[in-house]
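Take a look at the following structure, please.
Chain nomenclature is as follows: A, B, C and D, assigned in order of appearance, with residue numbering initiated at 1 for each chain independently.
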């Protein structure tokens, strides 16, 4: 039973820390660009402000437009709750495995796109069209890259997968390398970071995600923003705990949990540092290059699986 | 009352409906009500029969008709039972829907042919599921084809519908012939038309493979698997919507049933070669991805749905293929998993595709068009239809917590839990097909965002759409039933699976791991707890929980302001500024341009100078790749051949005599 | 006089009477009555044969066994329904001035004469007389085909006359050859041409001669069956003659010719034990099937279209009898029955369609179901039936034929499937636009008599749903007989 | 009753004559000559059957001999000649293929016929392989004639000569068919001839020529 409590706690942790994470990245980038940057609490302030504001709706926005943010947030939050953060054995991972995880994110995306189409502005359509197109490539890529692990683990259950990685020890496997590369590329695309999309810009012709939520304001916007922040943290955690899960707590004793938490935070910091470095260093690519980029990711993932089946299973 | 008698009741109810359709042609009103009521009865009876077939031991009955030395054998077993169940569920909904739908349709034209052939169509499908000898099977199979042909050409004034009908019947006939060939092989081996004898028959590997290929192509043609799907996207849209629902929902599943009956049951997987499953897998993957890719490029609502049927048949085929492979390398429980996944997806697809086609019918009636370019903003004029249609879209996009996700999840499990197989070809093939499955799923989401977004959201693109009327109560009920089932099947799969599990038990004497059914009702664990599990109910709960918490916020700051959307400072937005269907799928068209080979043209007129544009018109047309590279060549060749033959019949009389003379000489020449 | 004489005498007498008064309006009634009488007689005879087995008359000059008595009753039935159909049809033709009263007299007389020829051919026990009967039928129909006296009709009749004349002559040569060997086995008299006797002594006949003889018989009777490449007369004759004649040509004459061929085949098989005869028939059958199937696509005239379909189906039957296993023979006989029924029904419908549209050009026949639902649906149902969709009998026979073929000669099945599908496509691509679509403006009103059509289709349907026991026994005995059991 | 050898020689001689006449018919350019040869063929038939009747002692063959003489020797040629005169087509026969080629083909056919009838074992004392071979050859030759002639009337002559060939076979190879058959056949031929006559005028009326190429149905 208390495992369920742990799980709840972790969910709350993820949801709660999400804005902080984003702020962290912003800060790193600012520093790298010799700016002072916002304070770490800035994104909390933004959210609070947005929640306080009265939302403005387009006059013929339908109920879907109003429902969407809740679905988006709920789905993302649930997805976050699935991923083991500190403790490996999580009851919710049994309720929803990686496939469900991907599907939940897809659900969120589905509704984002619908909401974008709802008002009937050109931007909404454009954003939705692009988002769904990219998703069509990134989603299978993500699935495939995770499957590499789950095939090795003979399970699609996240806890089980992490367990196997921990116990089998990371021998240098080509399949894992492929998978990791693919997953990183996908994560960048999914969280709408440079070089795929630029969360900071509203430069009309290059927007993808921003174009979809252009019509949103007030608490609706807040929810969606928050959901995105959760998504970022989620992907980061997923990457870390799937491919280098060391330090993660195998039992719920206080010591190991503290170690795990520390390790997690440390790894996160490093990862975000890398990310912001990467983002300041890279430029955004042309919108029509993105499919090739994602296609590459998909290809890598498939290669990962094939190499697993052909090279590793046999031996 | 035994299952068999329920089944016969279903048949006779449909038969009565057929008679009613003929006799009451004078009074359309009673005709409509009676036929629909009888169809509903037939559906209920079929439902009961299906359950009985799944739960109880097989029952048999012989009718003294058919061939003189072969009475018509009917047998109700688990396999037939399951598909009867599917039929019952969707037919019931459709019957209710038809009450309202046909009332509106009847105001325009005489529906008697519809009332005559719809019951026949149903009889055909039920009969196929019950048949226990090759003759009976073929009779009902062909009856199904013919009846549905007359339904497809129901509005025969339209050129396209006639063409579609012709292509459909032609391919149906070809398919029937191929299946017949398959049965003939089994007959030659078993020495009798009865299925028992055919099961017992031992075939040489060559003959077995031939029979398999014949059955594969015959049933594949009906099911609309990728290379043989050409009739489907034309025929399904041509039929009235309630019929399209049945065709897409059930008829192509009947083809899957036939596939199972013939290959899994009669030929028997113990005679299978390793490449059989591989072939099915490849075709499945092709159909899944190809179908949805072409669905994305359609701008006519019902055509999109038709093409997406091709995709879903592909997914089903993937499940079947996996099952066959595992069965061949005898991992029985995995084979069972593949089969169950396929069957479950058949059930689910019947539900949401039926729902979507009925929705399309409602749109057709409400806005008098299925052309996406003419629609838009319907969600405001017909909110209930929109809500139901949305459920269909989510389910078909395989998103939790609806049913589509469950069956795809099962299929993924089957593909992923594959142990390493001998022969790297297969072990490479299986993950590849999994990848195709994932791709298809993602593309489906894109496709149905497009559909829903263009048709129901945004602002109306035509006056007709602006004046759209909400569907009447009967139609709403008809759509509500499958919608509800979509959710239920998504949340309580653990209740459905034990039922379905009877089928693999009967077919390959294997079932899912005990965990699948022994487990608590809210857990779905096909193989073992530690391997994979999914609890839709918890997911739903969590979603609701998270949702509720924020609904609280919603009501705390309840008030909101409405204003017109931001239009980049442009004075007023008009509907023509929205993204169109063609525009939505443009990026994909660009990515897969080699596959689509789109023919687009830009018509522009200006006031004397290129910058002073008067009007721009962009047209793009994507034609089915196979149509151009497979079907047209065949057509051309046969035309050429007929021309050559025609030469024979335009000779002078000497020529004719010469034919006789030469023939005589040749015959005598044989004696030399 | 006994029943049997009645069977032969009625059409002959009726023919002579009609030859005198055939132009009177009443003539049609006599025509129908005579056919009805023969039908009754035929049925009674059939019953007798079923009860008491084979039956010979006039010291073996005539005989009835399971095989031909069934064809006799089929012939009688179709002759009757056709007579019923032709009454209003020909009246309409007369009304629009295509035929004069004089011609009508000729028509009625020749119709009965033709029927007489059929019965003679079916019941005679003498190969020579069989030949004469077929020649007689040919001559009678030649005059009927040229009834309209249009250039096309004359040309068609001439073609029919010459091509069939030559063919039939070759058949005679074959018969003479048989006689030449049988006469020194059985002595120089009628016995040497009597089928039953020959059948009994088939062993002793000289194989070499019998083989050559069969070659000639094959080509000769094959011409009348309409087997490719001797089929060239058939489309014209069907296309240009009056519709009732097209119906009986397809429904009866072809059957009888095939009957003759099969009779001879059994003899030849008895003499030479290599299955050459069967193989030849299979070859011709497949060739006819394929060529006709392809030719169907190119037709413009509705009656020509269906005549090609007749060629296709004769090909199927020839194939069936060529295979010669009991199952195949069963399929062949069944197919003979249902094809005669359905095809003559279709010709009735096509005739009506041509009348209401005032043309036989298919490109001008449109939207029948809209303005004449009876005709339109009749045409559709008929086509669906003839294409071999259940629940019509054609499906049953096709089903059996396919299985039988695969049982013995698997390689034929490929061609068979190909041919059937091509034929269906060729037929349906023309029929669908005629039945469906928007009708043209001007449409004649004709008194349409669809009753015979419905009767025919009804029977075909019945045979498809359930073959009655006595008929099944009948077929099976006949099938066994053809395979070489004692008559 | 003389020994069969004699009869056999006679029959063979007759057969040879038959073949010769066939070639003669094949070689004719003029209608009148054609008909003369045709008549001669009829007479030959009559002779043959009379001969067989006398030697083999088959009385009913006298009947058929008489029939042949009347029908094939006199009536038919006369009828045809009348028609020819009435229609004024007594000019060239206008072959499609030129005569010499036709003759060569004919020779080839005769050879073929002989080869075909090689496997036939001896049937009886009077019917030899040669008789059948010649009969076969005659049939083939007359068909060749039908194919290579353009005018309807020449075709009819060819057709009738085909009938003659059959008749000859019947007499020579089998001492004639049973009487029923004989009469039936003769009757048929008569009707056929009448119908021919009927047709000529209709064809003439509708196509104002007997040139068969007018009869092709225009597609």
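Basically, contacts are C-beta pairs under 8 Å (C-beta built on N, C-alpha and C of every residue); 3 or more make two chains touch, one makes a residue touch a chain.
Just so we're clear, the structure is a prediction, and the values are computed from it rather than from any experiment.
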Counting one step per pair of touching chains, how few steps separate subunit A from subunit C?
-> 2
Cα-centroid distance, subunit A relative to subunit D, in whole angstrom | 100
Between subunit B and subunit D, centroid-to-centroid distance (C-alpha), Å = 69
Would you mind pulling out the distance in Å between where the CA atoms of subunit C average out and where those of subunit D do?
-> 31
Centre distance in Å when subunit A and subunit B are each reduced to the mean of their C-alpha atoms | 35
For subunit D, jot down the residues that touch at least 2 other chains.
-> 116, 119, 143, 146, 155, 215-217
Name the residues of subunit C that each touch 2 or more other chains.
-> 158-159, 162, 166, 170, 212
Graph of touching chains, which shape: line, ring, star, complete, other?
-> other
Per the touch rule above, subunit D residues touching subunit B in the complex are 96, 112, 115-116, 119, 140, 143-144, 146-150, 155, 212-213, 215-217, 219
Note which residues of subunit C are touching subunit D in the complex, please.
-> 126, 128-129, 131-132, 135-136, 139, 142-143, 146, 149-152, 154-159, 161-162, 165-166, 169-170, 172-173, 176-177, 179-181, 183-184, 188-190, 192-193, 206, 208-209, 212, 236
Residues of subunit C touching subunit B in their complex?
-> 158-159, 162-163, 166-167, 170, 211-212, 215-216, 218-219, 223, 229-230, 232-233, 235, 280, 291, 294-295, 297-298, 369, 384, 387, 389-391, 395-396, 399-400, 402-403, 405-407, 410, 413, 417, 420-422, 424-426, 428-429, 432-433, 436-438, 464-467, 469, 471-472
Subunit D to subunit C touching residues, read off their complex | 58, 116-117, 119-121, 123-124, 127, 132, 135-136, 139, 143, 146, 152, 155, 159, 162-163, 165-166, 169-170, 173-175, 177-178, 180-181, 184-185, 187-188, 191-192, 195, 199, 202-203, 206-207, 215-217
Over in the complex, which subunit B residues touch subunit D? Could you list them?
-> 650-654, 657-658, 660-661, 664-665, 668-669, 671-672
